[in-house]
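Each of the next two complexes has chain A plus one more chain, namely chain B in the first and chain C in the second.
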Partner chain A sequence: MNSLRLILRYFSASLRSQLQYPGSAIMLGIGAFLTTIIDMLAAWALFDRFGQVQGWGLGHIAVFYGVVSTSFALTDFFTRGFDVFGNEFVKTGAFDRILLRPRSPALQLVGYEFRLSRFGRLAQALLVLFVGAAVVGVDWTPDKVLLLAWTITGGVALFTGLLVLQASFAFWTTESLEVFNVLTYGGIQAAQFPLSLYAGWFRNFLIFVVPLGCVAYYPVLAILDQPDPLGAPDWWLPTAPAMGFAFLAASFIAWRAGISRYTSTGS
Partner chain B sequence: MYAARPYLAAFSSRFLLMLQYRAAAIAGFATQCWWGGIKVMIYAAFFAAAPDAAAASPMSLAQVITYTWLAQALLALTPWSADPEVALSVRTGSVAYDRLRPVDTYSLWYVRGAAWMASRALPRAALMLLGAGLILPLIGLSDWAWKPPPTLAAAAAFAISLPLALALSSAFLMIVNIIVAATLTDRGVNVLFNSLIIVFSGNLLPLALYPDWAQTALLIQPFAGMMDIPLRLYVGQLSGTGALAGLGLQAFWTVALILLGRWAMARVMRRLEVQGG
Partner chain C sequence: MPQILVEDLAKTYRVAERDPGLLGAVKGLVHRRHRTVQALRNVSFSLEAGELLGFIGPNGAGKSTTIKILSGILKPDAGVVLVNGRVPFTDRIAHVSKIGVVFGQRTQLWWDLPVSEGFDLLADIYRVDAARYRANRDELVALLRLERVLDQPVRQLSLGQRMRAEIAAALLHEPDILFLDEPTIGLDAPSKLAMREVVRRLNRERGVTVLLTTHDMHDIEALAERVIVIGHGQVLADSPFETLRANVLAERRLVVDFAQEAPEIVMAGVEVRSRRGQTLELAFDPTRTPTPTLIAALAAAHEVVDIHVGEPAIEEVIARFYDLHGAGEA
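For the complex of A and B:
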C-alpha cells in the first residue's frame, strides 16, 4: 500500500513537471502520433506496389504491429528510469542516493518519470490493431480477447526485461547503451512482419535469444486462426508469450548481479 | 579568406572532437546493420512474392538494397535532432556568449552543425562500406551487398550531390536550432521533425517505391535532397536531365532554407529569452 502511494506521488509530480512546457508536450504528443503512422506507412506503400507477400496482407501486418506496439507503449510509459539509468544514475553517482533510501531501487526507477506522450502511441497502436483485425475479419470471442490481453502482458514483460537488462549493463559500462534501442524500437520493426519473411538465423534469434516472435508472431497466428506456415505445433501458439516472463526473470538476475557489484563513480 | 577563418576553425574543431566518440560510432553502426538487415530481408521477400510488380518497379531489388545500405551509412547526415550543443546552450543560458562573439551567430552555428553531422557520418559510413560492401560479398552474400555505382556518371553525380545534401541538411538543422532557441527546449521539436525526416528523406522507404501518383510531390519537397536524391543518383535511378534536376532542387532548397533561417534567426534573437542559473 505504501509503495502504491509512493508510485502515485511520483506519478503526479512527473505529470506536473511535464506540463511546465506545454508547447513541448503538445509537439511530443503529435510526434508520437506521427511515429506510429510512419511505422505503418512503409508497409502500406509496399503492399500498394506489390499486392501481397507470402499470402499476408496489410491487415495482417497491422495486427502484428498493433500487438507489439501496444506492449511497447505500455512498457515505455513506466520504464524511463531504466532507459536513462546509465547516464543519469551510474555515471553521475546518483544511484548512491537511491540505494540509501529504504525502498527498492527498481521501484524508485519506475517512479523516475511517467511519460505522458506514450498515450499517443498507445492510442495509435490500439487503433491500428483493431482496424487491422476488422479488415482481416477477426471475430473477437472472449477467449480471443483473453489471448490478446495475455499476449500484450507477455510483451510488456519482454520489453521491461530488455529495459532492465539495458540498465544492468550500465553497471559494467557506466553508460547507457543505446544499442539496446535496436531491440526495442528495432524489435517493433522486426516483429511487425511475419517471421516467415526472414532468413533462418534471424528467425531463431527472434524466437530463442530475444523472444519477440513469441509475444507477437505466434500468439497473433492463434488470434488470426492461422496455422504456423513454418510448422510450429498449435498448442505452442497461445503458450508462447510465457517466454516474455522468462526473459524478464533472466533480466532481473542480471540486475541483481549488477547491483551487488556496483561501486560508485564518486562524482 | 581571412573572414572565413573563425568558421573554418569552428568546423574543424567540432569535426575532430566528434570523431573521438568511437564507441558511439560502433554502436551506431550496429544499430544501422540491424535496421538495414531487416529492411533488406523484407524488400527481398516482397520482390520475390510478386514477380510482375517487381518487374514494373521503378527500382530493381539490387538498387533498393544498395540504397538501403547507403541510407543507413549516411543516416547521421540528416538533421535528426537539433544540434545538442545549441540545445544545451539555450538551456543553460550560455547562448548569450555566442551572441557576444564577434562572428555571425548563424554562420557559426551552421558550420558547427555541418561538422557535427559530417563527423558522425564518416566513421559509420566507413564501417558500413566495410561490412555491407566488402564482407557480405566475401562470405557469399553478394546479392545482399552494397554495390558500386553502375556508371562513372552516376559516381560523379553522387560526388556532387553528397556535399549539397550536407549543405541542405545543415540549413534545415539551423531552422530546428532556431525553434529550440525560441521554445527553450529541444524535446518536442526533435520528435516532430524526426518523423518528417525519416519519411521524406527516403530513410523509411526509398521514395521511388511509394505509389506512382505521389512521385512528383515526393521529389520536389526539401527533404528529398538530404538523402533520397544523392542515393538515387548513386544507384543510377536518376540520370541525364533527371540528375541535373535533382542537383538543381538540392541547390534551390539549400538557398531557400538558409534565407528562411536567417530571417527567422533575426526575429528570434531580437527578443531572445536567456535562461540563467
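For the complex of A and C:
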C-alpha cells in the first residue's frame, strides 16, 4: 500500500476513534469557529475606529487573514502528532514504536490523528476570506483561483515546517515547546496585516526567517491586483509561496538530525 | 551464519544531572553537568534460527539496551550487530519488516479502535498481502483465543486479553524473530500460563526465534532452553537453564515432619532454614552430605513422619547468582 493510501487509512481510523465521542468533536468544532471569530472582531474594532490604515481597509485585512488562517486550519488537521510530539512520543518513549514500523516516522506522525474539530476553524477562515474578497471586489478568474490554491498550499507547507521544527526541538528538550505557539498563532495575527505596516526588522523576519509574508502578503497582493508598496517586482508576488516549501525542506534537515540524536542517545 | 550475531557490543549514555529546585533548573540551562553510564561493556552472543532465549538480569543491567540495539532503535557505540545478515540501525525499514516486538508495558494497538481494525491497519503499515493477512490473522486469532475480543475497543480489554492481542499484532507480518520485553508483567496466573503456552507453540510450531526478557523466573523455567544472565553491561552466564541452576547453587532442601516437636539438629554441612512446630526445613550440600546419608541419620535418631526433598526456589538461585557477581540492583 502506498504512502498516500496509508495516510487515508490512518485518517479513517482516526475519524472512527473520534466518532466514538461525537458530541465532543462537534462541540470542539463549534468552539473553534466561535473563538476564531473573535480574531476578526478585534480587527473590525480597530478599523471601525480608524477607517483605513495606509490605504488598507477591513476587507483587505479579511483577505490576508482568511488566506493565512485557511492554511493554518488545513495544517492543523494532520499535524497533531508533531504538535504533541515531545510530551506524547519523546518523553514517554512511544517514538520507539514509530521506529519499529517499516514506514517513515513523519508519515506515521501525520497518521497519528486527523482532527475533526478543525472544521470549525476552516469554516471560519474560508468565510472571512470570501466575505473580505467580496467587499473589496475580487474578480475570481481561473488564474486567481489557481493562485489562491497555490498560496494556501505554500502556507500549509510553511505551517507544517513550523510544526516539524517544533517536534525536532523536542528531541533535545523532551518537552513539547509551547514557545512555538508564538510563531504559529502569533504568525497568523502578524500575517493578517500587510507587511508594509511593519518596521523593517520585523518585515525581514517575516520574509527571510519565518516566511509568513511570502505565503500571505505577496501572493494576496497579486490576488488584489495591487503592486507592492515596498517595491517588490511583480514576478515575485505569485512566486513567493515557494518559500513555504523551502522552509519545510529546511525543517526536515532538523528533523533528520533529531532522529539521529534519538537513536544515538535513546532518550 | 547465526540469525543474530552480537560481538563486543558497547554503549554509553550521557545522563544530564541537575541540582534540585528552581535554582538547579536555572543553573542547568547555563551549564549542564553530565554523568556517563556504561550500559553495555562488551556483550557478545549469537542465536540460531528457531532458538528460544531468555534474557535475565537486574534492573539497569543492560537488557533493554540490548533489545533496543537488536531492534534497530538504538545505535551502539562499538561492536558488531547483525540480524538476518543486516545491521539493524542502518537498514531500519528492511530490518523491522522482519521482526516483531512486544513491550509489556506499552501498546502497539489503537486505544479507541476495535482490535480487528487495529490489525487491519497494521497489515497496511507492514504491506502484508491481503490473502496472506487473512490466513495469518485467522490462525493467530484461533491460537490466541481472540475471537470474543476482536470487535471490542482495545481500552476495554483486560490486561491478559490485551497482551494476547499484542502478541498477535506483532506476528501479523510473519516476522522470523520475536522480541518480548517482559511479556508477563502484571498478568494474573492463568494469563501467564496461557502466555507461556502461546510463546512455546509459536517457537515450536512456527519456528519463530524468540528472545525474551523477564523478571519472572518461572517464565524462564517454563520456556527458555538457554539463558543469558546480564549484569553491569556484561554477559555473566550463557548456558542451558539447568546448568545454570546446578552450577550456581548445588544446594538441596529437605523438609522433615517429626512425630514430636522438631528437635535441634547439629550435623556438619547441614543448616536449619526454618522451624515450624513439628516441621523443619534443612539446607545441605549433597556433594558433602549425600541425601540418603542425611535421611538415614535423621530417621535413626528421631521419629520421622514424612520427608520431602526439594530445590531452592528459582528466584533464590538468581539472587544468589547476582550476589556472587556483585551484580545487584544497578
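Assume the second predicted complex is superposed on the first by the 258 of 267 C-alpha atoms of A that agree within 3 Å, B and C clash if a C-alpha of one lies under 4 Å from a C-alpha of the other, contacts with A are read in each partner's own complex, and residues count from 1 in each chain.
The working rule: a contact is a pair of C-beta atoms (placed from the backbone, for glycine too) under 8 Å apart; a residue touches a chain by one contact, two chains touch by 3 or more.
Here the structure is a predicted model, which is why all the values come from computation and not from measurement.
In the superposed model, A:Thr263 lies in contact with chain C only, and not with chain B. Using the contact criterion defined above for the overlaid structures, shared-chain residue A:Leu6 touches chain C, although it does not reach chain B. Put simply, more of the residues of chain A are touched by B, taking chain B and chain C as the two choices. Of the two partner chains, neither chain B nor chain C is touched by A:Val209.
With both structures placed on the common chain, the touch criterion links A:Leu100 to chain C but leaves chain B unconnected. By the touch criterion defined above, A:Leu28 lies against chain B but remains apart from chain C after alignment on the C-alpha atoms of chain A. By the touch criterion stated above, A:Val145 is placed in contact with neither chain B nor chain C.
By the touch criterion defined above, A:Leu15 reaches neither chain B nor chain C.
On chain A, the surface touched by chain B in one complex and the surface touched by chain C in the other have no residue in common. Within the complex formed with chain B, the residues of chain A that make contact are 21, 23-28, 30-32, 34-35, 37-38, 41-42, 45-46, 48-54, 117, 177-179, 181-182, 186, 189-190, 193, 197-199, 202. Only residues 27, 30-31, 34-35, 37-38, 41-43, 45-47, 49-50, 53-54, 57, 183-185, 187-192, 194-196, 198-199, 204-205, 209-211 of chain B touch chain A when the two sit together in their complex. Interface residues of chain C facing chain A in the complex, by the touch rule stated above, are 13-14, 65, 68, 71-75, 89, 92-94, 96-97, 99, 101, 103, 106, 108, 110-113, 117, 121, 124-127, 153.
Across the complex, chain A meets chain C through its residues 1, 5-6, 9-10, 13, 16-18, 20, 93-94, 96-97, 99-103, 108, 263-267.
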